[in-house]
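In what follows, subunit A forms one complex with subunit B and a second complex with subunit C.
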Partner chain A sequence: MHHSARERTLWSIGLLIVLLFALIPVIWIISLSLKTPATVTDKSFIPTEFSLENYKGLFEGGINDSPFIRPLINSIVIAMITTFISIVLASLAAYAIARLRFPGRQLILAGALAVAMFPPISTVGPLFDMWRTLGLYDTYPGLIIPYLTFSLPLAIYTLVAFFREIPWDLEKAAQVDGATQFQAFRKVIVPLAAPGMFTAAILVFIFAWNDFLFAISLTSSDASRTVPAALAFFTGDSQFTQPTGNIAAAAVLVTIPIIIFVLIFQRRIVAGLTSGAVKG
Partner chain B sequence: MADIVLDHVTKRFPDGYEAVKSMSLEIKDGEFMILVGPSGCGKSTALNMIAGLEDVTEGELRIGGDVVNDRAPKDRDIAMIFQNYALYPHMSVRENMGFALKLAKIDQKEIDKRVEDAAETLDLSEHLERRPANLSGGQRQRVAMGRAIVRDPQAFLMDEPLSNLDAKLRVQMRTEVAELQSRLGTTTVYVTHDQTEAMTLGDRVAVMRAGEIQQVGPPQELYNEPKNLFVAGFIGSPAMNFVVASAEGDTLKLPFVDAPLTDDMREAIKDHDGSVLAGVRPGYFEDAALVEDDKDGVPFKAKIKLIESLGSELFAHFALEQDPNQIDKTTTEAGLDELSGSSLDTIVARLDPASKIKRGDEAELWLDPSKILLFDPESGKRLNTGNADANDDENDDENADDGETSSGSERPDQSEDDSHGAGEADTDTPSKGTDRGTDTKPEEPGGERADQT
Partner chain C sequence: MSDRSKSERRLGWMLCAPAAIGMLLVTAYPIGYALVLSVQQVDLRFPNDGGFVGFDNYVAVLTSSLWWTDVFNTVFVTVITVSIELALGMAIALVMHRAIFGRGLVRTSVLIPYGIVTVVAAFSWQFAFAPDTGFINQLPLIADDKNWFGDRFSAFSVIIMAEVWKTTPFMALLLLAGLTTIDDGLYDAAKVDGASPWQRFVKITLPLMKPAILVALLFRTLDAFRIFDTIFIMTAGSQDTESVSILGYNQLISRLNLGLGSAVSVLIFIAVLGIALFFIKALGTRAPEGQS
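After this line comes the complex of A and B, so read on.
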């Protein structure tokens, strides 16, 4: 494809605007996190004094007293469990929807979509009462279950699209080669759907990782509070100081795993694993 | 190794469409059986049923004497080669070929040995560690073959295994498949829409149309004694020409020439009012200038609209004027419209390459009418033996004729579902320029003709 110079300039400008729009808040947060408490409100974009105090503060007191470590662990564990369960269930469901002909296939897909459309805020109140009664309030399952509810449709949708792309003949070949339906799924279909699985996994992980609504409503202590909720409970050094720097530092830190996660799996997502399966 | 028996096997899809209708076929142990037919004729469905990838709706399917109707593919001990090869892209060639053995929990050393032996046979030894994506089309095809042969299965099922290869490679692989099969002696069912493959590969060929077997027999038998118009038109390249013909006195009136009516023909159409369809193979024609005088035949003039020269032979196309209404009426049931490359308004003649005839010439051609086959225009059933000479001399052939025609008579009323061919049942990929005869011909006569008219 050839673009004229003019066209390229226009595209570049557009790209630059989008990049700035997306990155300035991130840079602003990083900048804030590096400022000392005294200069936090000096309105300068680049810190006049660099300091890592805010970061150190997050980890002070070790696992028991630090306001950050415990929620970080909660976040990691909850997001990972959610991702794992969600992908396992979603891949089975998506496989069935993509491969098997059964009545109500479309209905299931539509139902999943409807669930995803449901405003989460409307479920928080009932959940709060139910969880208290059931003893799920302020526990890991108490968060994992609603996360699954909202992430499964997403994962199923993504995976159905991927499964549909896989030539069905591969599965037939595996069956003729002596595989049971499940073996064919596990040894042929799943490896080939890996890019889709990673895509779905990232989406689910980010969803669970970033959630604030459920985390703030259904937790009450560090037993299960995740980072986004914990940030709201940060306190300053004294009653009169805002913990702006600490919050910024924590925000930067919670973003890092996501970035790493995406960078690691990006190549796997992009890699066209299915190429060469059939004559192309 | 085992025989495969289909006993009135029917496949009906949930929407009611019958892809395979009460198909009975016996494939002997070690036999190379070809299922051939146009797209949507049910041949792939039949193969999938043998493999266990499709359920059998009615009838009985036996492999090696065991009824396997309800057996999963993995318990049938058959290997299948797919049109698109269906190689596992995430596995190396070695893993691809060894996958079935690994699933069968065979010792790794044994797997390695068998895979390496097969790779040796198929000239793949250097590529064992490569992924399918890095192989050429021919190599992928070989890997698919290798995957089948390492297992030493009861039977090979091949679903148009060569149709994704280019013409040259296809001819080469065709030979290799034939050699391999005869060396291994494994029962093989081979599905194709390419009549050249059917003719060259099979011990026997089953021609299918709209879910029904039209005729089963050795290739030459299908060519010489097709039971009906469909088989006649499907087998042979270029395809048999069909023209509307009628008998008047001692002559058979063809649209381009009047030919003498042989006893064989007269006998065949004596109870037949009106016109019949005459099947004239391209090889019955010759350039009149090159025919020895003492040969029996009729000369005629024709305006040549296209010449295709292949070096070793030469095809001359000339147009006919036939009443299209009459043709429409007579051919749908018989299946003529399903035969690509068979059109009623153009005749293809095969001439000696020494012929000087050129495009646009008002050329003098010559026809040997003795082998012309006559077909019932409604049922498509063959009426005569096409064996005029023998018929004159010996009476035995007369009897053979009767037997032949009566055995072909079971077909006529069973073709209501011609219009199908799409939808779920259509597991055949439409031919991509791999119509009959593209192996040997640079251009497709059908398309060419359309351009000319």
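After this line comes the complex of A and C, so read on.
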């Protein structure tokens, strides 16, 4: 299709606006994190003096006294365990829904949809009370369990959509060619299912990594507090200094890995995010 | 029933059971427990006072002006953010769909807000607008000392901007997926018949995208109605910017008043149920999960 110079100019301007809209808040927080403690309040968009002081502050005192290291470890471990369990459970269910005929398939899908719409705040009070009785308050399982519940619908819908596209007959074909059932599963089905499972895993990980409500409601110390919750409790070096620089540095550190991840796997993420919703 | 279909049924249930239990564990049981708590006096600061109080907690919540202020705030933020997102998301989706060049670049950049932790986004926007650290007040036409978080209207403006920034990508991607299902031949036929671009948008794009739009609106409305992170970080509810989720959190976790807090939780649950039913009715009998 041919495009006039005017169309190209208009399009370039639109592109630029979208880019600026998406990137300015990110560039701003990076810029803030690189300012020196003395210039953090200079209000300039680009730092006048660059320093890594704010990052150093996060790691000072080692694992016991640093306000950041423990929460970072908590965030990573909790998000990874959640992702693993969620994908295993969701894969079993999605396999059954995509391949087997049994009454109740629709019920599971409808239930997952209902859970996806459920307001988390409505469960915070009961969980707070139950977890204190059961000894789960301020522990890893205390966060992993609710994350599991609220990530399962996302994982199930993504995986069902992917599993429906798999040509399952290939499994039988491989068996006809002399492969054992296990070989057929491992060599044929696993490679076909892996991209979908990987996509679902990314979405679940981002969900668990992002949560704030459960993280501040069901934890009380660095024993299990994740980074988003820890950020809300950051304090300055003294009571007269604002922790702005340190918050910015911590914010950048928890953001960069996810952004790199999202950018590398963007096609899969887009496919995963839209898989359940569009076929309607 | 044949043995095969019987065993298939059993296998199906066995495979689904763990996920079903996982989903019920932290939804059905807690909401039942919240119902029980909501008709009792349960205040962890006064563990010895307690007992059944009937609907007293609900009466207390529904007659307090704070609850109704928070309901107004939540509905206000939800309606404004979702409307802006729909318009903006549709624009971005159309731009991506008809991309002349750089489609990948647009997709990459809209995914960045999606990947960012909500709390981090809230801090970034807060620091940008804060009078002591932010660059916004240094821009032309804006007073150098404007205290954005000092009054309700301006605080809400910043909260809404941050929310829109964070969640428009999701909306845009859902709408783009809907757009790609429309047959291009329809546009060509309309063009031949002399329809203007606006007519083509209103008469072809919008009607055919109705299901995709409703699904996107349903998920975003429910999500926006739960707004918590951004308000908690930016104002913690000061200047009358509290949302219902913040009210629930304050009652339950800060004041340890589980009875009153649970009444708030149950009321939020009922509101969300109402919104969901409304959209599902609007979608008609079409299930949004896409049965083939």
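As a working rule, the second predicted complex is superposed on the first by the 233 of 280 C-alpha atoms of A that agree within 3 Å, B and C clash if a C-alpha of one lies under 4 Å from a C-alpha of the other, contacts with A are read in each partner's own complex, and residues count from 1 in each chain.
By our rule, a residue touches a chain if its C-beta (ideal position, glycine included) is under 8 Å from a C-beta of that chain, and two chains touch if they have at least 3 such contacts.
Just so we're clear, the structure is a prediction, and the values are computed from it rather than from any experiment.
Chemist: Output check: A:Leu192 vs subunit B and subunit C. Expected answer is one of first, second, both, neither. What do you get?
Modeler: first
Chemist: Identify which of subunit B and subunit C touches the larger number of residues of subunit A.
Modeler: Of subunit B and subunit C, C contacts more residues of subunit A.
Chemist: Once chain A of both complexes is superposed, is A:Ala174 in touch with subunit B (first), subunit C (second), both, or neither?
Modeler: first
Chemist: After lining up the shared chain so the two structures overlap, which partner does A:Gly62 touch, if you call subunit B first and subunit C second: first, second, both or neither?
Modeler: So A:Gly62 meets neither subunit B nor subunit C here.
Chemist: After overlaying the two complexes on chain A, where does the subunit B footprint on subunit A coincide with the subunit C footprint?
Modeler: 101, 273-274, 276-279
Chemist: Of all residues in subunit A, which touch subunit C in the complex?
Modeler: 3, 7-8, 11, 14-15, 18-19, 21-23, 25-26, 28-29, 32, 40-41, 43-45, 86, 89-90, 92-93, 95-97, 100-106, 108-130, 145-146, 148-150, 152-153, 156-157, 161, 164, 206, 209-210, 212-213, 216-217, 227-228, 231-232, 242, 244, 247-248, 251, 254-255, 258-259, 261-263, 266, 269-270, 273-274, 276-280
Chemist: Provide the residue numbers of subunit A that touch subunit B in the complex, in ascending order.
Modeler: Residue positions touching the partner: 101, 167, 169-170, 172-180, 183, 187-188, 191-192, 273-279.
Chemist: In their shared complex, at which residues does subunit C touch subunit A?
Modeler: The touching residues are 5, 8-9, 11-13, 15-16, 18-20, 22-27, 29-31, 33-34, 37, 42, 92, 95, 99-102, 105-121, 123-125, 127-128, 132-135, 137-138, 165, 169-170, 173-174, 176-178, 181, 211-212, 215-216, 218-219, 222, 225-226, 228-229, 232-233, 244-245, 248-249, 252-253, 258, 261-262, 265-266, 268-269, 272, 276, 283, 286-292.
Chemist: Give every residue of subunit B touching subunit A within the complex, in rising order.
Modeler: My answer: residues 14, 48, 51-53, 72-74, 78-80, 82-90, 99-100, 103-104, 131-135, 137, 140, 147, 151, 157, 164.
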